[in-house]
Every structure is written in C-alpha cells, then in structure tokens.
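Structures are listed in the sections that come next.
Next come two complexes built around chain A: one with chain B, the other with chain C.
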Partner chain A sequence: MYSGKLCSKEPVKTKEQLQALLKDTRGKTYYKEMQNLEVDTDLLWKTIQTTLNSRIKTWLEICSRCGICAESCFLYLANDKDPTQIPSYKIQSTLGEIIKRKGDVDNAFMQTAMETTWGKCTCCNRCAMYCPNGIDTGVMFSYLRGLLYQQGFVPLEMKIGAGMHRIYYAQMDITDEDFIDTFEWIVEEYEKDYQGLKVPVDVKNADIMYTVNAREVKYYPEDLAYAAILFNLAQENWTVTSKGWEETSLAMFAGDWEACKIQVKHVYEAMERLKPKRMIGTECGHAHRATVIEGPYWMGRKDGKPPVESIHYVEWVAEALRTGKLKINPEKRIKTPVTIQDSCNYVRNGGLKDITREIISYIVEPGYFVEMEPCGENNFCCGGGGGFNGIGIYRNHRNKGLTVKRDQIIKTGAKLVLAPCHNCWDAIRDLEEEFKIGIKWSFLKPLLIDMVEIPESMKPAS
Partner chain B sequence: MYQFLTGFMFWVSVSIFFIGLFVRFIFYFTGLNWRLDRVAYKSYPFYGIKGALKSVFKWLFPFLTRVWRKHFFITIASFAFHVGAVIVPFFLLAHNVFIRGKLGIFHSIILNQLTADILSWLVVIGAVILTIRRIVLPQARILTRGYDYFILFLAVAPFITGLCARYEVGNYSFWLYSHIIFGEVFLIAAPFTKLSHLVLFFASRIQIGMDFEIKRGGMKSKNGMAW
Partner chain C sequence: MFKTILLAASADHACDNAAKSAFRLADLTNAHITVFHVLGMPAHGFSQEVIDVKTGEKVEASEEYISWVKEEIKIYYAKQFEKTKSFDIKIAVGMPYREILREIKNGRYDIVTLGGTSKEKISVYKKHMLGSTVLRVAKASPIPVMVLCRPSSSFLKNISSILFCADFSKESDAAFNFAANLAKFFNCNLDIFNVADISPVFSKNIIEQDEIDSQISAAYKKIEEKYIPHTKNIIKTVANVCEGIPYVEIVKYAREKNSSLIVIAHHNKENENFGSNMEQIIVRSASPVISINK
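And now, the complex of A and B:
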C-alpha cells in the first residue's frame, strides 16, 4: 500500500518527521502525496464494526431528513443557506455513505470527506440542541475524524498538532524546560511590580495545580505572568507542574485517539504525583473539553472525572471574586459596551454560562454588558473551533464562517468582546483583522490585572 | 381472505410490531457503551434520569422547545400527524370492538366518531403538508430520498384507506381489505425500517438528555440543558 514520505497512515513518531512536516510550506508535498494515498477499506470497515455502536447507528437511521437542523449550523447560515451545509446532509453524505458502502470508498471520496469533516464542521454540537430526534452531528463528525485520521486523510496542521502531543506532550514544540524557564523568566519580569511574586513549581499537596495552553508559553507569556499575579493576589496555595502542564489537545481535533490518551495521561500523572486539591486550567475551551470533560473517558475512568477535581479558569475567577479573594476596584470596572463570546466547549458542552455572567456582574459597570443573540448554550461557534482556525487549506471556509460571529457582535454594539477561550480569542482577532469592525477582544486575565486591588504587602517597594 | 387477514396475519403483524419494537428499544440501550460514547451512564443515576426525562418531555409537546417555537408550521403539521397517528389506532371504536373479539379486552377510552374523524383527517393533512414541505423547501428536499416518501406512505396509507372505508367511497369491502392490509404492512415494517423511530425517538432523546446532563454541563448549570 502506498505511503508518502509526509502523508501516510502512520502517526508522527519522531522529531525529524515533525520538522519535515513543518517545513512543507502550505502542505504542497503533503497534499500531493495524499492524492496517491490508498484507502485500507478492510481496516476502515473493521474499525467501524468494532467502534460504531447503537447510538451513532440509530442517529443515522432515524434521522427524519427534515432539515430542521439546517439553521442551527453557523456554517449553513454563513454560506447563504447552502443546502450542502446542512448538518444532516454533511454527515449522511460522509459517514452515512461510508457505512452504507461497508467501508468500500476511494481516495476521492475520502478527500471530500476530509474537507467536510474539517472544513465544514467545527464539532460545536449546536445542531444537537436543535434536532427533535436528539441527533448530535458534532459527535458523529468527531467520530469520523478518527476514521479519517486512521487512514491518513487529515489536514496537515492536524497531523502536526497530534504529532506534537505524541512527542512533546504539548500542542507545539515546547519542552518541559522551555515551559518552566519561560514561566520563571516572565514572572521575574513582573517581580518589581508585585512584591513576593513567584511561580511555585512541583509543590506537592497544593490547593491548586495550574495547567496552561502551550500557545501562552510560545506567544503570550504575559498570560502566564498574569495568572501568577492573580493567584498570588488571591493568596492561593498554587503550583505548576514541570511535567504534564499542557491542558490542550490538538489530538482531539485531529481524531488521533491514541494521542489524546497519551496527552491526558501525562496530565493525570502530574495530578497523581503532586496531589493538588484541584486542577485549574487556563482560559481555553477545548483544553477544558479535552482534559476535564472527555479525557476521563479516554483514560477509561468510570466516573467520568479526572483524578482530582478540575475546573475552568472562569470558575476560579468567579469564586475568587465571590469570596473576596480578589477585589475589584469599582472605579476601574469596564465602562464600554461589552459582550461575551460563550465558548462551545465549556458553555454548551460544559454548563458554565451562569458562571461567566457572575464574573461580568463584578467586573462590568451595570448597563454596559450586552448579550449576543443567541447566547449561552445557544451561542454560535466563534467560527474557529475544532481546529478550524489553524487549517491552511480551509482558511477561506473559516473566514466565511466568521461572518456569523461578526454580525452577532456588530448587532450588540459592543466595542469589547470578552473571549475567555483561546480558539474564540483567535477567531475574533482574525475577524477583526479580516473585516475591521472596530472592536477589541480580550481574555479575562489582562482585564482583571488592571482592575484588582493590590494589597499593601504586594505593592512595589518604593 | 378476511379470516386470514384478521386471524393469522393479525397475530403475526401485531406480534412482530410489539416484540420487534421492544427488542429494538432494548438493543439500543444494551448497545450503548459508556467508554465509546464517553458518557458515565450509570454513575450518576439522579442526573441521568433528570436529564432523560427533561429531554423527552420537552420535545413531546409542541412549543416547549426553541425549535418547536421557531418552526411554527412544521411543528403544527408534525404534531397533527403524530398525535392522530398514535391515538386513532388505539382508541378507535371499531378497532376496540375488533380487539375485544380477539382478546376479550375492552378499554373504556373510546374516541367518539367526530374526534376520530378529525384526528384521522389531521393525519392525512399533516402528511400532505409534510410531503409538500419536502418538495418545496431546499433544506428538506436535498435530504429526502425515495425511501422517506415510502415511509410516509406506509404511515398514512392505513388512514387514507380507513377514511375511504368509513365514508364508504365506492366499494366498501375493497377499502376495508386495503385498510387491513396496509395496517398490517405498517405493523410488520415498523421494527425494520425508519418507522422504528416510534420507540427509538425516545431512546435517542433519553441518551442525549443523559449525555448533556451527566457529562456536558448539566451538573454545573442552573437548569441543565436549555433545549
């Protein structure tokens, strides 16, 4: 069976392979090789037979083909109601067809399926709320990602991302040393502004073990400093771990289930080693989904929970503000029209809508907060979820998809969009770049840093 | 012929219908897998039951969910169709008399003639609207296969023939025979076709209700999933 140098059924196993993939600008060679990739139809059918159970089978069978789910999908709306963007159509013409043909599909079919799977669905699960039969097309697409990944039909960046987790236990080439060095360095930079600021590493039995998104280490190290400052201001007994510090999982977006397990196991081992009371993850939606919501199942944990109680950053912020651990200077509350982007991964799929509204009640001057329509569990995907932001060949699909969020934001009249999720943050930054609607966007940490009161003991010595 | 259809075939079709659907319902749940589905079905019975009940109840009545409110016409048409299709066969006087002859059971809730007529007509009208919708709306048209029309036909044929018999349009016994045959075809086909949604609708709604309540935020948000 044909196997390309870059594009093959094999997952990335070495740093060299990763390097080669990274060097392949726009995946020129990768996608060229994909043209020759053969489908292992026996493997495909065997995998389906062992992993497809009554839930998905029933969904595909009883779909009324009513099309009610059409308008639930932001990509259908963004693409001028193109019927081929209807959730049911997308899944029936891919997964449904593969099953009907008992896995007997060819290269061209798989490439189209790949485009539909990563370029026409972000696995936001919104359609699941709108289907009378309770059909969750997002879940089916996430299953299909696994099948396609196994056959090598996966966008370049997803292959790289999953490979990163396999090699670095992080979504990018950041080593454990890089992580600790960066964290310590950036915290040092802020030491003079906040007396006693430090980053505790590998402290056992702390109250909090903090995990991050490797992007912060690489691109936004201030975010690490802000986290340290806020934990210190709140006088939390916290720590980071020198191994297993990455909360995200591009492997989940890629459908590389084995790498998902490798990644989350690493984090859970850190929990078991350091035995913190709680794990708190950074402002990232899919990281929370991967490590807190799905991860336990990848690890076969029967109660569906990680080894220690694990919460999203917004939950900690709400708690710290509620209990007075962090105090907001009322003068400094937000006084511009502001809205919030509800992340699919921890709002629709994690129930944290009320928590973020609670935060808003503390940090926004009454009268300035405007809800998007729709919002909460019903909110539309930011337009960049499920890996969409990062995939080069589907950039145009993504940009088109952003228009729904753009219009939602414009309608609120807000000048600032709170985006406590990395993917949402990126998508909103890109939509501002693309459409220039005159908004600012922000994580919570930088806003909080400007608003919180600093106890005397931490004020800079002058 | 009449003997055969109302005797042997009656028993065969009714048995296939009930046993078949029962088996499908049970197999749905035995076929779930907490690890593959990634839902701890059994670990949180309280949340599981709560989520399941809410997810079924809200969708069982018109206008309780956002979708039912938003899609006004299809909601009306679909409920008109389904309500009649479920109620009439069970509570029609003629069916009841027939069943008493067979089983000796007679239940006291009987539809009066007018209600039965109205409900049956609603089934037919509902089916017509659903068919037109499939033809006219692009988002339904692209999804619809011949099979979907066939299923709709299987469901509505007993009602059309039943009404023709009721109004004695032309040859009464022709319509009566057709009615019995289509009724039995429906009963036999149900477990093996998409008509199985009769029970799998509930199964699927129970699953997704548990899924969101147990795993996806039901324990964290104030009211669970806002369907």
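And now, the complex of A and C:
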C-alpha cells in the first residue's frame, strides 16, 4: 500500500518528521503525495464497526433531510445558501456514504470528504440546536475526522498539530523548559510594576493550577504575565505545572484520537501529582472542551470529569470580580461600544453565557455593551473554529465564512470585540485584516490589567 | 567593553542612523555584530504565512524566503560588513519587540541597538513618538539599549565625551556605572548632568526660585557624594545642574557639549506614552541615547 514520505497513514512520531512537514511550504509535496494515497477499505470498515456508536448510527438513520439545519450553519449562509453546505447534506454525503458503502470508498472520495470535514464544518454544533431530532452534525464530523486521520486524509497543519502533541505534549514545539523559562522571564519583566509578583512552579496542594495555550508561550508571553499579575492581585494561592501545562488539543481538531488521549493524560497526571483544588485554563475555548468536557471520556473516566474541578478562565474572572478579589476602578471601565464573541466551546457547549455577561457588568460602563444578533448559545461560530483558522488550503473557505461574523459585528456598531478564546481572537483579528471594518479585539486579561485596582502592597516601590 | 552587539534592524532607511551607530560602535570596540530582523507574526496554526514588518506584505516564511531576506540584508549593509570584524544575520518570526527581547535573553549580547521606528513614512506627530518596539525593548531589556533616530555627527567621528543624565534613582546608579565605564574605556570626558524639573510651571504651578535653587544645590551635593568618588580614572568629569524641562535641557546640553553619547536610566514605571523624558530625548537628540534599565 502506497505511503508517502510526508503524507501517510502513520502519525508523526519524531522531531525529524515534524521538521520535514514544517518545511513543506504550502504542503506542496504533502498534498501531491496525498493524490496517491490508497484507502485501506478493510481497516476503514473495521474501524467503523468497532467505533461507530449507536447515537451516530441513529442520527444518520433518522435524519429526514428536512433542511431545517441549513440556516443554522454560518457556512451555508456565507456561501449564498449553497445546498451542498447544508449540514445534513454534508454529513450524509460523507460519513453517511462511507457507512452505506461499508467503507468501500476511493482516494477522490476521501479527499472530498476531507474538504467537507475541515473546510465546510467547524464542529461548532450550532445545527444541533435547531434540528427537530437533536441531531448533532458537529459531533458526527468530529467522528469522521478520526476516520479520515486514520487513513492519512488530513490537512497538513492538522497533521503537524497532532504530531506536536505527540512529541511535545503541546500544540507547538515548546518544551517544558521553554514554558517555565518563558513564564519566569516574562514575569520578571513586570516585577518592578507589581511588587511581589512571582510564578509559583509545581507547588503541591495549591488552590489553583493554571494551564495555558502554547501559542501564549510562543507568541504572546504577555498573556502569561497578565495571568500571573491577576492571580497575584487577587492573592490567589496558585501554581503552574512544569509538566502537563498545555490545555489545548489540536489532536482533537485533527481527529487523532490516540494523541487526544496522550495529551489529556499528561494534564491529568499533573493534576494528580500536584493535587490542586482546582484547575483553571486560559482564555481558550477548544482547550476547555478538550481537557474539561471531552477529555474525561477519552480517558474513560466514569464520572465524566477531570481528576480535579476544572473551570474556564472566564469563570475565575467572574468569581474574582464577584467576591471582590479583583476590584475594578469604575473610572477605567470600557466606555466604547463593545460586543462579545461567544465561544462555541464554552458557551454553546459549556453553558457559560451568563458568566461572560456577569463579567461585562463589571468591566463595561452601562449602556456601552451591545449584544450580537444572535448571541449566547445561538451565536454563530467566529468563523475560524475547529482548526479552520490554521488550514492553508481552506483559507479562502474560511475567509468567506468570516463574512457572517463580520456582518454581525458591523450590525452591533461595536468598536471593540471581546474575544476570550484564542480561536475567536484569531478569527476576529483575521476578519479585521481581511475586511478592515475598523474594530479592535481583545482577550479579557489585557483589559482587566488596565482597570483593576492595585493593592498598596503590590504597587511599585517609589 | 562590547564583544557582541545586537542590531535589531529592518535594513531600510528608518534604521540607517541606528545601524550606522551600531557599526561604528562595533568598529570602535572590535565587536562582533549580529543583525537581527523579525519578519512579523505568523498567520494561524502552522501556516508559514507572515506579514513582513518591513514590507507589510503577506509572505511565506520559508527557508527560501529567509535566505532571500538574509541576502538582502547582506547587500544593504555590505559596506559596513566589509569593515566589521565579524558578523552574522538572524531572522525570527513573531512580534518584533518580543522576539528581540527573546534574542537578547538567549544570546550573549552586551548591547542592543535599534532605530526609532520602522515606518519610513510617518506623520509629524509620529516623528515625536518612539515606535512601540523601542519602548517595549527599552522597558524590559536586561542589557543597555542604544537608540538613534536622527543623523549623528559626533558619534561617528570620535568618542570625546559621554553625557550621563542623573536622576539619583537605583536605575540611574546603574546607568552611571555604565557611563563611567564607557568614559574610561574610550578615555574621554564624562558630563554628569541633572535638571531640576520645572515643568509644573506650565500647568500654572508657580515654583519659588528659592525652591529651585535649593533643588539645584541638593543635586550638586548628591552628584558630589554619589558619583564623583567613582570617577578617578576618567580624564575629566564635569558636573552640571540647571532648572528647566528635563528633555529640553538635556538635548540642549548634549548639543552644546557635542556629547558623543547620552546615557540615561529607564524606569519601568515610567509612562511609556508620548511625553516621557527618555522618549523625548531619543527622538530629539543627534547623539545616540543608551538606556539602562537595571
């Protein structure tokens, strides 16, 4: 059976393989090799027989193709109501067809399925809210991603991302030493601004174990400093872990089920080793989904929960503001029209809509917050979820998809978009770059840093 | 004094003054020079597409492109490289200020040199503001940061005098040690200068002359006690204090004394925005300004 040097059914297992993939500009060789990739139909059918659960089987069978899901999908709306963008069509013509054919599909079919899976669905799960039968196409596409990954039909960046988790236990090539080193030196830069600022590492039995997104370490280390500052201002007993610090999972986006488990196991081991009271993850939606919502099932945990109580960063912020651990200077509240992008992964799928609005009530001057339409659980995906942001070959698909979010934002009249999620933040940044609608966008941390009151004990020495 | 100099530059006219001063310093101290260019932030995931900070274009940060950029830098600074003892060129991807700081931390540099702003076409207003890269690097750099926005005449000839701007803070003490060492190394004069800040006058807060005089006397005394004892091996040390708006007086003094270099402390808590004295000295001075923060 054909196996390319870069594109194959084998997952990335070495740094050299990773480097080779990273050097393949625009995946020229990778996608060329994909043309010759053979489908192991026996393996495909066998995998389906052993992993297809009754829920998905039922969903595929009971879908009446009524089309109610159509208008729930932002990609259907963004693509002039193209019928091939209707969620039920997308899943029936891919996963449904593979099952109907008992896995007997060819290369061309798998490449089309790959495009549909990563280029026409972000697994935002919005369609499930509108289906009269409660069919969740996003969940089915997540499953299909696994089947395609196993056969080697996966976009280059997803293959790399999953490989990173297998090698570095992080979505980027950041070692444990890099993480601690970066966290410590970035905090050192702020030591003079905030007396007593520190990063506790590997403290056992702390109240909080903080986990991050490797992008922060690589490109936005200020975010780490801001987290440290806010925990210190709130006088939290917190720690970071030197191993298992990465909360995200590109393996989940890639459909690399084995790597999903490898990654989350690593984080859970850190929880078990340090025994914190709670784990708090950074402002990232999919990280929360991977580690807190889906991770326990990947690990076969019977209670469906991580080893310690795990919450999203917005939950901690709301709590800190509610309890007065963090106090906002009312004069510094946001006084510009502002809206919020609801992360699919922790609002629609995690129920934290009210928590984010509670934060807004503290940090935005009354009268300046404008909801998107629709909002909360019904909000549309930012346009870049599920790995969509990072996939080069589907960049045009993604940019087209961004128009729905663009129009939602324009309608609010907001000049600032709160985006407490890495994917949303990136998508909105790209949206501005692409369409130049004159907005700013921000995580919560930098805004909070500018408006929280600093206790005398932490003020810089004069 | 300097074994390795980091020149963070975009190989364009905006960085010319800074680059000239860096190469001159390398020449004077027989130092190795590393030209460091940051391409910009990558697009998402593992895309190699970046917005080149120099051209503003979306480019593939492939090996081929990076080699091309290195080649361009080599051509741009060809004349300077000819005279330099040794050099290398490094390219990074990311936020420029962050990657410069990362490079400073990971490398063994003695000083970093930057231009004022990477934008060639800037408004009049912007000309009086430093780029955010310089401000952020100056705030956090553990090594001295040399910035030059305007063409320098004095520095490019001989190092005849160092102007140290004293404010008597802890950071200022560190800046003094550096300035004194420079003066000893270059065997030149050291000017210690302090300004009694009367800028409140412009917000209609009248300051009594007696108060100004007493500030001046106190400053002279501090210079005498704190700094003069450590100037024994310097050819000539002169202390001067006057009243005024600090950045204006410092720039004027540097011009009058034909100072080759200005050394000043950067305070972390200092306002990073338009108006800080250090920023104003940098944008107005015709001498390179070295900022010391710890």
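In this section, the second predicted complex is superposed on the first by the 462 of 462 C-alpha atoms of A that agree within 3 Å, B and C clash if a C-alpha of one lies under 4 Å from a C-alpha of the other, contacts with A are read in each partner's own complex, and residues count from 1 in each chain.
Criterion: contacts are C-beta pairs under 8 Å (C-beta built on N, C-alpha and C of every residue); 3 or more make two chains touch, one makes a residue touch a chain.
Every value quoted in this text rests on a predicted model; they were computed, and no experiment measured them.
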With everything superposed onto chain A, say whether chain B and chain C fit together or clash. fit
Considering only touches as defined above, state whether A:Thr412 meets chain B (first), chain C (second), both or neither. neither
With both complexes overlaid on chain A, does A:Ser310 touch chain B (first), chain C (second), both or neither? neither
Could you tell me if A:Lys218 is touching chain B, chain C, both of them or neither one (first, second, both, neither)? second
Touch test for A:Leu156: chain B only (first), chain C only (second), both, or neither? second
Between chain B (first) and chain C (second), which, if any, makes contact with A:Thr282: first, second, both or neither? neither
Between chain C and chain B, which one touches more residues of chain A when both complexes sit on the common chain A? B
Rounded to a multiple of 10, tell me what angle the C-alpha centres of chain B and chain C make at the one for chain A, in degrees. 160
If you take every C-alpha pair with one atom in chain B and one in chain C, what is the shortest distance in Å after superposing? 26
Considering each complex separately, which residues of chain A are in contact with chain B in the first and with chain C in the second? none
Along chain A, where are the residues that touch chain B in the complex? 51, 53-55, 57-59, 61-68, 70-71, 81, 83-84, 86, 88-89, 92, 125, 128-136, 293-294, 297-298, 300, 302-304, 346-355, 376-378
Chain A-facing residues of chain B, complex: 27-40, 43, 55, 59, 66-67, 70-71, 74, 134, 137-145, 148, 194, 196-197, 200-201, 203-205, 207-209, 211, 214-222, 224-227
Mind pulling up the chain A residues that touch chain C in the complex? 22-23, 25-26, 156-157, 160-161, 185, 189, 192-193, 218-222, 250, 384, 387, 389-392, 395, 426, 430, 460
Parts of chain C lying in touch with chain A, wherever the complex brings them together: 41-49, 60, 62-64, 94-95, 98, 101, 105, 139-140, 268-269
